[in-house]
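My questions will all concern the structure given below.
For clarity, chains are labelled A, B, C and D in written order, and residue numbers in each chain start from 1.
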Amino acid sequence: MSKNVEQLDQVVIRIAGDSGDGMQLTGDRFTQETAMFGNDLATFPNFPAEIRAPQGTLAGVSSFQVHFADHDILTPGDRPDVLVAMNPAALKANLGDLPKGATLIVDTHDFTDRALARIGWTSNPLEDGTLDSFHVHSLELTKMTLDALADTELSRKDAGRSKNMFALGLLCWMYSRPTEGTVEFVQKKFAANPAIANANITAFKAGYHFGETTESFAVQYEVKPSVQKPGTYRNISGNLALAYGLIAAAKRSGLPMYLGAYPITPASDILHELSKHKRFGIRTFQAEDEIAGIGASLGAAFGGALAVTTSSGPGIALKGETIGLAVSLELPLVICDIQRGGPSTGLPTKTEQSDLLQAMYGRNGEAPVPIIAAQSPGDCFDAAIEAARIALTYRTPVFLLSDGYIANGSEPWLVPSVEELPDLTTQFATEPNGPDGVFWPYLRDPQTLARPWAVPGTPGLEHRVGGIEKADKTGNISYDPDNHDFMVRTRQAKVDRIADTLPPLVVDDPSGGAPANGGVAGGGGTARVLVLGWGSTYGPIGAACRQIRSAGAAIAQLHLRHINPFPNDLGAILARYDKVVIPEMNLGQLATLIRAKYLVDAVSVTQVRGLPFKADELAEMLQTVIQQGVIEHA
Amino acid sequence: MSKNVEQLDQVVIRIAGDSGDGMQLTGDRFTQETAMFGNDLATFPNFPAEIRAPQGTLAGVSSFQVHFADHDILTPGDRPDVLVAMNPAALKANLGDLPKGATLIVDTHDFTDRALARIGWTSNPLEDGTLDSFHVHSLELTKMTLDALADTELSRKDAGRSKNMFALGLLCWMYSRPTEGTVEFVQKKFAANPAIANANITAFKAGYHFGETTESFAVQYEVKPSVQKPGTYRNISGNLALAYGLIAAAKRSGLPMYLGAYPITPASDILHELSKHKRFGIRTFQAEDEIAGIGASLGAAFGGALAVTTSSGPGIALKGETIGLAVSLELPLVICDIQRGGPSTGLPTKTEQSDLLQAMYGRNGEAPVPIIAAQSPGDCFDAAIEAARIALTYRTPVFLLSDGYIANGSEPWLVPSVEELPDLTTQFATEPNGPDGVFWPYLRDPQTLARPWAVPGTPGLEHRVGGIEKADKTGNISYDPDNHDFMVRTRQAKVDRIADTLPPLVVDDPSGGAPANGGVAGGGGTARVLVLGWGSTYGPIGAACRQIRSAGAAIAQLHLRHINPFPNDLGAILARYDKVVIPEMNLGQLATLIRAKYLVDAVSVTQVRGLPFKADELAEMLQTVIQQGVIEHA
Amino acid sequence: MPDIADLGLKAKDFKTDQEVRWCPGCGDYAILAAVQGFMPELNIPRENIVFISGIGCSSRFPYYMNTYGMHSIHGRAPAIATGLSSSRPDLSVWVITGDGDSLSIGGNHLIHALRRNVNLKILLFNNRIYGLTKGQYSPTSEIGKITKSTPMGSLDNPFNPVSLALGAEATFVGRTLDSDRKHLTSVLRAAAEHKGTALVEIYQNCNIFNDGAFEVLKDSDTRDDWIIRMEHGQPLRFGDGTRAVVRDGNGMLSIADGVAEDDPRVVIHDAHTDDPSYAFALSRLSSIDSRYSPMGVFRSVEHPTYDEQMAAQVEAAAAKAPGDNDALNALLAGADTWTVR
Amino acid sequence: MPDIADLGLKAKDFKTDQEVRWCPGCGDYAILAAVQGFMPELNIPRENIVFISGIGCSSRFPYYMNTYGMHSIHGRAPAIATGLSSSRPDLSVWVITGDGDSLSIGGNHLIHALRRNVNLKILLFNNRIYGLTKGQYSPTSEIGKITKSTPMGSLDNPFNPVSLALGAEATFVGRTLDSDRKHLTSVLRAAAEHKGTALVEIYQNCNIFNDGAFEVLKDSDTRDDWIIRMEHGQPLRFGDGTRAVVRDGNGMLSIADGVAEDDPRVVIHDAHTDDPSYAFALSRLSSIDSRYSPMGVFRSVEHPTYDEQMAAQVEAAAAKAPGDNDALNALLAGADTWTVR
């Protein structure tokens, strides 16, 4: 039968099932096809901390959400238009997020009384009216998969495993996605095991054809490609982009890279990725703990490598003392903190922005460390390069902050060409710089205040460095009171000077009319309220601002890449607005720094739920601020 | 011959020599005699990081300063009226601090060309006029000591060791100090070795008689006892007072104390002291590192002990992750940070206040920890008790901040009676508190929000706690977004509520006239400038304020015991003044917190020299603020 | 062993209402069942038992034991347990840890707990992999291990946990297997009876990231060839009985085949010799692919325990001069006081 | 050994202008002199030598060596040196550490460096006390030690650094004495020649806080009775020559007196056996008051080193497919791209 095709400008799909059901893989594939098709998109994987949480339980539910559109979008979407639920637990866990009228595709296979009882359902929601306000497609996905694979040698158990591919096929038909990529992908992935490969492909195609043929799906949808800046694109996750950014930085600096790391969620994938690329002169060292991880990196930095260490909150806490040593030694070191829910072990697989003040102050003494933050998956690439630039130029440890949301989420990314990336060429010291041929390791560059980087193997520059306070210039141990005061202020000044090299900030305020007290750099609008953000809230804040603007109100958005030091023009910009609002996934950490530095009565809008802000919820909160002007401090 | 006696109201004496010369002991003894005599006093020991820095070098100089008076005083004094220099290095290292007209007592014994050259003196300062502006007594202290001990069996080397006692004797005569105490002390200390004991006593007496008889000292001085609050007094150092405060807290809480610690300067003495008092049910555990130290303490807290861990900056940095666990477990734990110069190893034997923001933010996630600070040696006792009160009442880790200056410095202390100290009696949970006989470890006290403390050995209350986010009430692992948000805010609220139990702040502003916009609680003066401080700057700030007042200006002083949370009335008080000045031995850490919370344009006055502020320098800086109103931010 | 009848506890009394969250087929289930089955034997009231773990799949264990428990942070359980045990010698304190938790990040706390001989029972779940973080190699993984973090193979020599423990002055070291409930229980029993720190290495299968690591010791066709069962006082014969551990000419231990009944070279197992050299030599017999694995108790010697001695010092001090209010008042006043009237 | 003439370096070339700040009489002076005296033998340019230390009196060492150096933080030197050595295999990297630095806070980094066999020479200055912090007991202090932190005596069994290292898979372990320059130099030489991690325990006198700890090994009246000099291939005879290390009946090592010339029980020292059991047994001979102290090289076996293998993997990967700009551009683009025009 032929079906009518309906045009949509955007769709949000969520696929949910047991953590063993391959939901993440299914989501990834659908995302790849969607990316290849040319839609703009954003994804949000969400899974439990356990490796294989118990089957059929709420705790075991794993989900993947993808938002795609014919125009540029900023978030994975707040509420799914379509939910695919592979079992009762998946349905129950996600039902709350569904808007009225949403489409529900349910695999009825597991809707047994036992299974329902296990999650506290006394009656079957497919029958008791629970789902009346949705378009429900109750399908025997598992059974149809088994039937499709009936004449293979696979056991029922193995065959059943392909049900996710059946569902994927169905979705691909519903949204007119290409299919070749997936077929290829499966063939590659299971090359070692053709039986499995074929089973998956068969199930995939069966699902696709089921969509074509079945009565229950009357319409097929189309979401046209979105118009993007010309160039070559790929889909990329934050951790992958961050790893690539580091590799690029090494290449552009001409230095070998050394990563010292200890595995921890959600940072481990950076270690995994970098360990694959030894050909680029990258050494990855899985240390006995985080302290050894950063210690080894610092040793490599002393030896002339682009040194990196990666971790998440608990591991960063352990590195504090060594970061202090790096500050004192003034050696380049990129410290990546992929933030997760805290305190303590907290919520390892959930996102949060609560390590900002730890990055700022989490060590003894006056030990300033520059901090830069990535704002989206693709942006992790540029942020990594900028972190390396600062570390190498100023001979200092640098914090690069990301979080679980952008680390695992993905978006289309305009692939850069290596040759056009910033030149990070770094000069080692080669000559004595002091009187009569001596070398002074703490004689600074007058511009940057950076000290010379003299690496072992350089004749005539033999020198000793250490964590005890040292004399200006010579670097010898010094307990002199005035020297200490001078060195403390000089280390601070070195970090502060980074601000002088930063580009002007760009405020996003499309509203017409007279610029707010002579606003510049994009701030040329009428908005009286500025939303200030950092890190992964970029997407939700942007989406919320769009909602507010399309609702007719004016609002300005400014997102910070550099948090320490703040850009020089930040103060002037903040002063231009009646109200500054700072949404954060913490209790107001950036707000604390902004208020302390600029004495601006910034309003904190906070959520600490382990999840990104929902654009519409955020828009609401912002509206209140615009109207009442104030929201009680979180 | 009889000498005339002159009355003085106060004197500052500094004794300096090689770190091997026993300067600290000499200073301690003089201090004890002075305390016994009833003067008010303050001391400042200052010594190198090396155990025995090389003899005769500037780096090896160790000194001890004591300030005593017939009225109450706040600091060891800025500039010594009298300097005793046991060798050329001691003279050179301290000369800069001497005011014109100061008295100099020099042991000429080591003033050889070699010794002078070694410290870069080409001519002999005793002869070349360098010392013209001082009253110089060039004495053969060493030789006189040797002569006095000529007919003992001691080798010249050993005999020479007593020269410090000779000097002490001389000083005791000069300032009419009692001598019995010292004689007794020496007998006890060297009981094992009578020869040494006698030598020291002989030298001591020889020095005393030399003063009596020699022509060169025409006058003897007297400093009358100071009028103090009635009661029994002793001289006490900060670390000793802190240790005693902890013992008292254990006694008043009825709990055994457990200290898990790893040695580190300047905190080690607390471990040493507590290890002596096992009779009070105190267990001290020297751990393999700081992490094990706090870990063991946390384990003991789980078992029902008053748990304590002590360290300094670098060690505190290592404890960050475990402090986060303590926040999550909500168990009582007193964390003592005896601050020293940073960053990194920094200046181990010098003082600094640069761990405040580390204490506030040095761990992953939103992990609030109450912070209280001690302001003088004797005050460490009360601060320790208050820290224990908060830890036990709110079931939380608490930071107790001290620093090298008050830790090693000493002052007279009104000895309290144990029975009158705060009652810290603590109730363990004994009964199930949940539905049908279950125990809920996170069901909170509605008042304090503290959770029940159920210790192993209590039947029916078996439960599990951990660092993963837990469900409200039951404490079971929970990944629920709303629960996480609730728990994060509840942990913060629990700490914030501590402010409700704090006494009103007392501002010191003796200036008459109408209270500044209806100021209360001591703030009843006309001062327009408030000096806000915390920790060991109390003395110097107080002394500076006195100077300013006696110079006719009005200035108000407020010193904070509680830094997290801030007392409820702080905001209102700050609002009363035109200008708030915050002197700190860091780059403005309290100022950052005050500005962020109250948006008050507090002015930072900072010195990071490893030494306490000099009262007169500070007074000057404050004067500028009072006059120009502003000082450029440090 | 006190009479079990006393408290009449059952295995189920040690189960909690928390859903067990390991992967289906994980070796941890068998260990949990064995421990819950063994606990009643201790005949210690549940409230006097504490399980403390670090972080890792294995470290979820305490949530499933109906006793007091703490799921702490990565690698720190031995330190935390040391504080609890040394402040509360009346408790039975058990540490649950993984090969990464105890030998990677927690290595230092482990060796110090062992040398101190604190009264702790440490169960080391060795699956030779990082399970919870999804499959990186661990300090017990064989050289050349291909994992997510070592695509070209790992380079570090693994630790032999038994050798390391013996080098760290351990007074009790045992080894057993997740799937052999009877043997596991017997080693737990020996550990529980030991006064001081007892380290029990449990070979545990991670069927997701390192499946079959110990298969040769489980497969009924091969296990008897490779498992060397150690029983104090018994000859170290295994396989068909003609295989044995012998002292070769220069006094070193080695494996011999076809050893006669009366061969004097056959080593009679002695777990109680004070010199750890013998137990150390035994620990070196096994190859990293776990062939020739001595199973049972390598070493069990009585030394004074840290917790008891700490308590003794406190008691001795108090006996000499009780720490009452008067004593404290006297301490606060010190020797040199003066009075102002 | 390359011909010293080559570079013609002298001991004084390794001295710095920094004033040495140890207490008069400290054993560290002798060690410094011995190391500075030995360095020229290496015939390595000064710029290719790096000394990395932790914190402690001993850890001031690098300031006095005119090479590259780092005075790092407490206990972390082995980790920092691992990063340097594994990223720069061309360098000669030396670690200076104390018994507290390496065995207390740094214990984990030490045992992991040993098992990895990174090319490091670790000199452990063992004075059995915390010097810099003014005299608390250390992990090598004898039980019952009265110190500032243990007024009633310490309770923990000390580590035997040699046993611990052997339990941690060390490929080279030696022991020597601060005051015996000739012997110290010979052990440094052996360590320098070893490829991989070499641990050298140096008994060092702290005359301020633990004076005389090793007196029995220094006093000319007693030292020959207690020092067991180990020379590869030589019988372990000492004292007047009639004292020797022998294998007793059950194959264990022990000390025998009045051993005849031809007594077959006398052990011939073999530092190269792969099984560490023998070296371990030797390490157990000495009593904590350091009587019967084997001195020299306990174990020295060749295994692949971590730094070389890491370099090999990087080279192999690059050889297979060079990591040039094109390669990186291809990597960035990945498999699935689309183009917008």
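One rule holds in what follows: contacts are C-beta pairs under 8 Å (C-beta built on N, C-alpha and C of every residue); 3 or more make two chains touch, one makes a residue touch a chain.
Everything quoted here is computed from the prediction, not taken from an experiment.
Most remote chain with respect to chain C, judged by CA-atom centres, is B. For the pairs B-D and B-C, the larger set of C-beta contacts lies at B-C. Computed from the mean C-alpha positions, the centre of chain B lies at a distance of 40 Å from the centre of chain D. Put simply, the C-alpha centre of chain B and that of chain C have 44 angstrom between them.
Inter-chain centre distance (chain C to chain D, centres taken as mean C-alpha positions): 29 Å. Annotation for chain D: residues 55, 73, 104-105, 107-108, 112, 139, 152, 310, 313, 316-317 touch two or more other chains. Counting partners per residue, chain B has 49, 59, 278, 288-289, 314, 321, 325, 344-345, 466-468 as the residues that reach two or more other chains.
The residues of chain C lying in touch with chain B in their complex are 16, 18, 45-50, 52, 55, 62-63, 65-73, 76, 79-88, 90-91, 108-109, 112, 310, 313-314, 316-318, 320-323, 325, 327-329, 331-334, 336-341. Contacts from chain A toward chain D in the complex involve residues 32, 35-38, 181, 227-236, 244, 247-248, 251, 256, 258, 260, 277-283, 285, 287-289, 291-292, 295-300, 302-305, 307, 321-322, 325, 329, 415-419, 456-468, 476-477. The residues of chain C lying in touch with chain A in their complex are 19-24, 55, 57, 73-75, 104-105, 107, 130-134, 136-137, 139, 148-152, 154, 208. In the complex of the two chains, the chain A residues touching chain B come out as 48-49, 59, 312-314, 316-318, 320-321, 324-325, 327-328, 341-348, 350, 352, 354-355, 357-358, 360-367, 466-469, 479, 481-482, 484-485, 488-489, 491-492, 586-587, 592-593, 595-597, 599-601, 607-611, 634. On the side of chain D, the complex with chain C involves touching residues 104-108, 111-112, 115-117, 139, 152-153, 155-160, 163-169, 247, 250-253, 273, 275-278, 280-281, 284, 303-304, 306, 309-310, 313, 316-317.
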